[in-house]
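Next come two complexes built around chain A: one with chain B, the other with chain C.
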Partner chain A sequence: MGLGTYVRNIRETLETIFEGMAITASHFVRKPFTIQYPDRTEIRVQDSLPFRYRGLLDVDLEICTGCLACERACPIDCIVIDAEKDKQTKEMILKRFDIDLAKCMYCGLCSEPCPTGSIHHTPEFEGADYSLESLVRRFVKAPLVAYKPPKGPETDPEVAPILARGLRYLDEFASPGDPKAGE
Partner chain B sequence: MSTHAIDVDVLRETGQGIATEEMTLNMGPQHPSTHGVLRFVVKADGEVMRRAIPDIGYLHRSIEKIAEKVGYHGFMPYTDRVDYVSAMQCNQGWAMACEALAGIKVPRRGEYCRVIASEFGRLASHLLSVGATGMDIGAVTPFTHAIREREYINDILEELCGARLTFNYMRIGGCAWDLPPGFVGRATKFLDRFEPLIDEYNELISFNKIYVERLANVAVIPREMAIAYNLVGPNLRGSGVKYDVRKDAPYSVYPEFEFDVPVGTGERGTLGDSYDRYMVRMREMKESCKILRQALAGIPEGPVVAKVPRTFRPPVGEAYVRVEASRGDMGWFVVSDGTAFPYRVHIRTGSFAAMAIIEELSKGLMIADLVAVIATLDIVAPEVDR
Partner chain C sequence: MQQFADYLLDEGILAGLPKSLGYALVIAFFAFVLLNFIMLVAGVTSWLERRVWARIQSRVGPNRVGPQGAIQWLADGIKNIMKEDIVPTAADKPLFKAAPYLAMIGFFGAWACVPFGDGLIIADLNVGVLYITAVTGLVVVGILMAGWSSNNKWALLGGMRSAAQIVSYEIPAAIAVNAVIVLTGTLSMQGIIRAQGWAPWNWFLFDNPFTFVAFFIFFVALLAEGNRTPFDLPEAESELVAGAFTEYSGLRSLLFFLVEWGNLYIIGALCTSLFLGGWQTPHFTDNGFVLGLVQFVVFFLKSYFLVFVAMWIRATLPRVRVDQLMSLCWKYLVPISFVNLLGAMLWVVAFPHGFLPARLGMFLFGIMVTIYFLMRVAFHLRRARPEMSWNPIA
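This part shows the complex of A and B:
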């Protein structure tokens, strides 16, 4: 290597380093990108997430029909439901509805076949806990009668808003939206 | 050919080098620059490697066997885990394989959504690759720049499908969800901001003299060797072979888009060196932006998913489909015996081929160059093992 090449190499190295450094330095006057999680955000991070966000699973037992569609759709069997048909009243009795959140992989396949939007993902994602046992969410505290959709619109003032939420969830998340969306 | 490779035996015979004893080194499995859990057994003479033997299997999760147990629909979230850096293309490969089995036709809007999702996935994957290349050879700042843009892409994909890494977006017969309201505008706005940043990134690191010296002429893969070792994707194109599944065996709606296939030119050294592979990825990002702009502008109306029964039972038969994933030609082979569960699934990935060439490439390289080789071959460990 001649002296000329040697000097040229040093010059090129310095020049290209300063080009890069100029870009780095320009970040002094640009808007910072970092968001300080969790305590310095303007709104809760959970509230800023998109509607389709797949966080921890939740079940609205008021509108669960006990059809077991979610249990069958789950590829890792993290949902366990015990439902029995009462011989006399012909009603479905839910005895157990457990979701093992430690197993759940948040794929969303369970909420797609749900007819009422009862099982759904919430924007909650902070699920850390001290034991695996406490990550098993047991939704049924005492055996209860499963929801039976009426022929017409829902009239019970307590169930109606929950069902409205469930159906909105199905519309916007679980089924392909209307073709006009995205404009 | 002027390369950095040093033949230890020649040095020893001519008495130029200091003869030292051969040393066996372990690199990995928990080494920060091995991109996952990879292990290399390095036989080295001082700083110069005689060979680096890759030891794979640390991330084997029996994904192909799982497919035989969970059925066709249930396997979709598992395909995200085959290559978690560019999960969209894995989704697409599995969906296309099942569609080929059952002869399902995807609606045109569904195909467009797939292309948009895949190309955003490719941008995210290449950003991680070029950022990690910089970090592996000692330039940490460019990595933060690359990851910053990748976060915005993750935001876009999160809005589309609700997850940032394991998307589970595609379904047999189309896509799970349509584009959310206002998606086209936001995605176009992102592209307007992102395209100039590729040039800025080039100025920041790609043309840096030290960086070029570390990559140029290192681990040269000549054209014939690349073909002989079955390299695919940007690694193959870095050696000057113009081969892209999207162009040469077109699938989905890719024939409708205009884009180039960048190949290595040997601009700073020899054709097929590490710098060529790196630059091919930088240029591919621009091409992905081109495809995205055309797809976002020309997306047709209609449904995004075809009618597919919830218990999917394809007829007896087998199908092999190929997609151009971020790490090259990804093959999906599925055999059906007519039941609701596949009889056999096999996945052919680009990283596995790239892993096989390392033993040959490493002869005579410095130990510090091994990380540059891994980084520019863009090896993702879970894709090697599956």
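This part shows the complex of A and C:
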């Protein structure tokens, strides 16, 4: 190693360390990028997620027709529905609607065939719990009559907004690239 | 401190006691105070270091325990004390258990000669610098012992690296110190500080070009002796799990960390007393207490600035390889420090009472380097147009 190389090594060491220290010093006064989930965000993280975000599953029982399309679509059978047709009144009676969120893989295949948009994903994603049993969501508390779509537009003021929301959810699935659908 | 002990024995609360017992009591008391001071400094440093790295890496760092995370170190310490103290079955048990205490002794002994202010020193030995250089060598024994007795390949590699590294870097450190010692003619820490002045151009850093170079050699060598990045080969998280400390848990592992972070302050205090004017302040008041307090604060801030620089270096530079470590020491630092020492000696022969134009010139040079550095920082900020946050704790 000649003297020239020796001196050049020293000079390059000093120059590169000097420049590197300047770069890190400039980072020292920059604003941190960290988002301090969950309690120091400006809005709840759930509220900042898109409408079609595939979080935990939810069911609007007011507009569930009991058609079992979601149960059949589920590839891992995490949805269990007991629905019976009442012989006298010709109505569908829902006795059980369980979703095992421990099994659910958030594929979204159940919400696509739903005729009313009753079963849908929510932006909620905090599902941690202490036991597997408590992850089974039992939506039907007592047997109830399933929804029957009327001929023509829905007139019931309580059901109409829920149905509108469900149909909008289905529309966005049908045309995910449509920018107007989300408005 | 001996005057203080004599005063207590003659007229103070210890009057009437046998002299040896009185000395032992005073020593035990000061050791207790010093140990608590060290734990406080090491703990706060550990938190501050994590915050500084975090800001440099655009993160936030620990900010949940206490205001801005300021007592995070206490939570970590309590957690570590409550952890199980595991000794591996195949380990050499007596050595394994003794190693952290040996490292601790070497580190704690050095504090006897670390000054805090005018007269605020445990023992102002007339061979203070030599004593510190020698006694910190005991830390190597502790780390090597830890590495060997763990019966673990990573630990052994870490211990061997540590021995090679610390023993090598003691040479440039000791020779660089000599550049100051030929100026003062004393090895006493307080004597070296008294030979400087409060003004930056009276510091030994700017005394002549040779002490200027010696400062950087000394700082780099001390970083290597303290196992700090870029020389943290004994610990080398990404290569050796935790190096020599792999098998340690609980309080024993905590002791090694205490040594690491406490050493950081010793590095700062040594560089401050040898090169940065120590506790020197203008004599602005005759009130001894106020003056002593200001001197303590001045010394502490200077030392802590160097601790901050060490953190900053750790966040900037990558770890060197073993061969690079050795070539840096033996091919660069050792020869340069020898030439430097020769230059310093010639300087003392030429100007036995100092040379003021050279001091002012070196001081101006230092200011110019600082200004150029700030210009480079400003350049990087302008180029990236980042979102700024001057608040250091946000």
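Keep this in mind: the second predicted complex is superposed on the first by the 141 of 183 C-alpha atoms of A that agree within 3 Å, B and C clash if a C-alpha of one lies under 4 Å from a C-alpha of the other, contacts with A are read in each partner's own complex, and residues count from 1 in each chain.
The rule we apply is simple: contacts are C-beta pairs under 8 Å (C-beta built on N, C-alpha and C of every residue); 3 or more make two chains touch, one makes a residue touch a chain.
Computed from a predicted structure; not experimentally measured.
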item	value
Which superposed partner A:Pro113 touches (first chain B, second chain C, both, neither)	first
First, second, both or neither for A:Arg52, with chain B first and chain C second	first
Touching partner for A:Ala73 - first (chain B), second (chain C), both, neither	first
Partner chain in contact with A:Met105 - chain B first, chain C second, else both or neither	first
Which superposed partner A:Ile23 touches (first chain B, second chain C, both, neither)	both
First (chain B), second (chain C), both or neither touched by A:Phe33	both
Superposed model, chain A: greater residue contact from chain B or chain C	B
Touching both chain B and chain C, residues of chain A	9, 17, 19-20, 23-24, 33
Residues of chain A touching chain C in the complex	9-10, 17-34, 36
Residue ranges of chain C in contact with chain A within the complex	52, 54-60, 312-313, 315-317, 332, 373, 376-381, 384, 386-390, 394
In the complex with chain A, residue positions of chain B that touch it	70-71, 73-78, 109, 141, 148, 158-163, 166, 168, 174-184, 200, 203-205, 207-210, 299, 301-305, 310
Complex contacts: residues of chain A adjacent to chain B	9, 12-13, 15-17, 19-20, 23-24, 33, 49-54, 73-76, 105-109, 112-113, 121, 173, 176-183
